[in-house]
Amino acid sequence: MKFKISAELSYKVKTDTTFFFNIQAAQTRSQLITDEQIITTPAKVKIESFELGTRKARFLRVQVPQTDYFKISYTAMAELKLKPVNLKRAELQVSTIPPEAVSYLFPSRYCQVDKLYKFADVEFNALKTTYAKVQAISNWIHRHVHYVSGSTNASTSSIETITQREGVCRDFAHLGIALCRAISIPARYFACYAYQLNPPDFHACFEAYIDGRWILFDATRMVPQHGLIKIAHGYDAADTSFANIYGEADALNVVVSCEALDKRRFEKQADKLKVVCYE
Amino acid sequence: MKFKISAELSYKVKTDTTFFFNIQAAQTRSQLITDEQIITTPAKVKIESFELGTRKARFLRVQVPQTDYFKISYTAMAELKLKPVNLKRAELQVSTIPPEAVSYLFPSRYCQVDKLYKFADVEFNALKTTYAKVQAISNWIHRHVHYVSGSTNASTSSIETITQREGVCRDFAHLGIALCRAISIPARYFACYAYQLNPPDFHACFEAYIDGRWILFDATRMVPQHGLIKIAHGYDAADTSFANIYGEADALNVVVSCEALDKRRFEKQADKLKVVCYE
Amino acid sequence: MKFKISAELSYKVKTDTTFFFNIQAAQTRSQLITDEQIITTPAKVKIESFELGTRKARFLRVQVPQTDYFKISYTAMAELKLKPVNLKRAELQVSTIPPEAVSYLFPSRYCQVDKLYKFADVEFNALKTTYAKVQAISNWIHRHVHYVSGSTNASTSSIETITQREGVCRDFAHLGIALCRAISIPARYFACYAYQLNPPDFHACFEAYIDGRWILFDATRMVPQHGLIKIAHGYDAADTSFANIYGEADALNVVVSCEALDKRRFEKQADKLKVVCYE
Amino acid sequence: MKFKISAELSYKVKTDTTFFFNIQAAQTRSQLITDEQIITTPAKVKIESFELGTRKARFLRVQVPQTDYFKISYTAMAELKLKPVNLKRAELQVSTIPPEAVSYLFPSRYCQVDKLYKFADVEFNALKTTYAKVQAISNWIHRHVHYVSGSTNASTSSIETITQREGVCRDFAHLGIALCRAISIPARYFACYAYQLNPPDFHACFEAYIDGRWILFDATRMVPQHGLIKIAHGYDAADTSFANIYGEADALNVVVSCEALDKRRFEKQADKLKVVCYE
């Protein structure tokens, strides 16, 4: 399955500013990214690209002098190679979690695991398999939290979402992650492009560590889960934000798109890809 | 400078439990750790040791079956090789922060940077050098936050400390980290053994990224800063906790010690080591 | 039904201190309080008694000079005259709430109504009668929040209880109040002595305004609801606390008791008094 | 001094809705309100007026059926009779606070006194007179909190303001109240019309109980403090909000004005009215 993805972000830059953009799709075993293009207006800005450790985030650090209009555009082709996943449906033991997954058990900025033990334990822990637990978490969020554009901001975290019961994709993901970790299941944030997201925008889901693999969950159920192009995974939105701004700049516009090149084939795959792993 | 360090933690283990202990001193360029010994009671428990990525944490994963009394003891010799640091006293530009330090700019569980921009900017950002800024932060915390044993818990975070004005070493460190990051200075948590800490316990400080090095700050001013043996650094206490417990266990006792082998020589070094870097 | 109630509070008073005690039972149409006795050790302290407006609280303001041991003892006889309540089971309209009940719609310190609208609306508002709604709220709290002694403190509020799912009677009451107000039902805090509370202590419930009367609810279900002696009602624990301390004093001990004079008769009344109104 | 005040609030009312408006100026010894007019569009709505106990708030309860446009207009003449206040500048003893002021010591929704004891005590309590303490609080807020329109919302409370250091008049008042109460000085919210407020709007200040009188403080320093027309005082914005809405309605517009009839005389009084009491 091939997709054409693009993002265009524009700003009024009021002082010399350093941006960290995190908008390039990740290079992973599940997705091949080609034909990448990054164009800026004005063209002459210093751009440096680097990866952040184990998080698969490909940061672009861009120095922009003061200007009334700065724009960065990214386009790429993404080929998804997802395979059906057969879960053994066992129960995860903390004693067997591999080191690289262990730190996804810990609390993070937007996922205050330490405040959710009781709720998560009572509500979800009695289920028999790890997959059933995470699915129950995702279902609970879908049923109890309302998707309301603009209802939250960059400081909203999972304990507010569980109380106030509204949020956007980012909040749905944070709550899913926090609840998984609270019952000792490693979980991480998944920032992505999403095919058929309406209105088009960046999207966020979460991955839980089940049977030795990172399985994708989207509590918003807004898009087919086999049409996502991963940008990065991380602890939460704190380390996978699509733009970190050091300086003073006002966002003017964000335009994101994700088009499938063969829509029919995409639809056909839906049945086989009910459980998805973006490796 | 040589130190003998030890830690002894005991628990009543009510169900089969997996512990992640983070009590071994780190192997770094500044400190040589030898003669390490780990003994458990009962002796027959499964122990596995691993490191967490870039964080220098050496985790011990221990599986303990239900028992009325479980104890883990750690002893080691630590040789500190600290050198005087001459700071150029320049101002850090975000554009020059190396990739491995970038993620220490982001908000984390106990350091809600996103809520402290205004305060940190107004209070500390006008100073000319990065060192002066961090020193002002450390001084502010020392002056305004009171060290009160038992005043906080595992959910206390920097925004509570700045409001409630009391806490323990962990809270002092979190607030220091949060304020540094809020003015774009990478900062990280520093968990350690501390010589002359009274009463003896684990200790926590913070490191700020200045002139290309991680400089140590201790806003509690409870101990000489050239007598610390690093256990781990990390985003905050969430990923450097000395014990994470998966299962049910009640802590019975924690006994920590840190003895200098040559006290006189230690005192003499104080003057040369006003600014310290634990690499 | 007659009860003998008593409370004995002792303190180490480290500086000259003013106490506001709120431990005397209220004089209301439902309860007749007689044989009241207040004794202090030392005997010579200045005591002044006053009521706080519409709240029925009978405050004792006591000036205590520095002393290693101060004790206040209160005893009284309370005669409860509760009558069966027949609710019309209608739905309350905000347009008909009498002025004296209106302010019990507003948010208060521990009842952050403004953060619970969505949850309360979705979960409880579809029910047809006001009584059914409040009963559903009380049931929800009973089912989802665990009574854990010592799990919370004087700063814990309803939004923490709904997240962390544990607390004591005070927290159960606060959450009940907050959820009622969030769907436009006036609700107030009810501080009391409670017959058969085990271990004996002060108790807290909440009252909701239904069919023109204040109906009692106890989400803890720890005691029969027709054996309560009201001390005060108010917005929440902020204005009905049994002791406010201005000065420095350490609590040494609290001993509370509530004995029925005719236990058999008390048991017999249980069936008739399923719905109770303490006027 | 005479003022002409007016307020005009308009809404799109999406379901039958009950409004509680709190926009009429209070009748007090310091201000005489005459020529009051309340006009609604559509004209035929049920209006009922009532006062809330000791709070001086004059509520208008208005039932509005669904309509695309509802407007309520209030106009009145207000005559202020303020006299110079000579404070004895003593220190308030909790033992002498009259009963009617006692409840203004307690925590309330937006004034979490219980979390601010340490800060308030260390920062302000060493000063000798109650007036000096409150003035220091007002100065501290003025210096450390930035007035930023739109920076906060209806859930923002004093502990957020002290951390995030920005807010509007309501937040300045809440923080002032919370800090006063934290050092045992009764303080209350003061909702008002304000002459020379720019842009015109409702305004909020706070009153502290000093030398037996309620003295006005405005930490925003946006307007002369002898040109305020009191609407209500209360615990905080929770019980003095200018509009509480039960139903579904979108605010369309708020237009507030306050004009002095004799501007020259107003200016002349400034010197004599440095310390003001609105009784």
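Which chain is which? They are A, B, C and D, in the order written, and residues in each are numbered from 1.
Keep this in mind: a contact is a pair of C-beta atoms (placed from the backbone, for glycine too) under 8 Å apart; a residue touches a chain by one contact, two chains touch by 3 or more.
Just so you know, these numbers come straight off a predicted model, no measurement behind them.
**Q** How many steps does it take, at the fewest, to get from chain A to chain D if each step moves to a chain that touches the one before?
**A** 2
**Q** So how far apart, in whole Å, are chain B and chain C when each is placed at the average of its C-alpha atoms?
**A** Computed from C-alpha means, the inter-chain centre distance equals 44 Å.
**Q** Can you check how far apart chain B and chain D are, centre to centre, with Cα atoms defining each centre and the answer in Å?
**A** Between these chains, centre-to-centre, one finds 46 Å.
**Q** Roughly how far is chain C from chain D, centre to centre by C-alpha average, rounded to an integer in Å?
**A** Chain centres of chain C and chain D, defined by C-alpha means, are spaced 30 Å apart.
**Q** When you check chain B against every other chain, which residues touch at least two of them?
**A** Within chain B, the residues that touch at least two other chains are 115.
**Q** Assign the assembly's chain-to-chain touch graph to one of these shapes: line, ring, star, complete, other.
**A** Contact map by chain: ring.
**Q** Would you please name all pairs of chains that touch?
**A** Listed by label, chains in contact pair as A-B, A-C, B-D, C-D.
**Q** Write out the stretch or stretches of chain A touching chain C in their complex.
**A** Listed in rising order, the residues are 115-116, 118-119, 122, 144, 146, 159-160, 162-166.
**Q** Under the touch definition given earlier, write down the residues of chain A that touch chain B in their complex.
**A** 18, 20, 46, 50-55, 59, 61, 63, 93-95, 99-100, 102-103, 105-109, 111-112, 114-115, 154-155, 184, 235, 238-239, 244, 246-247
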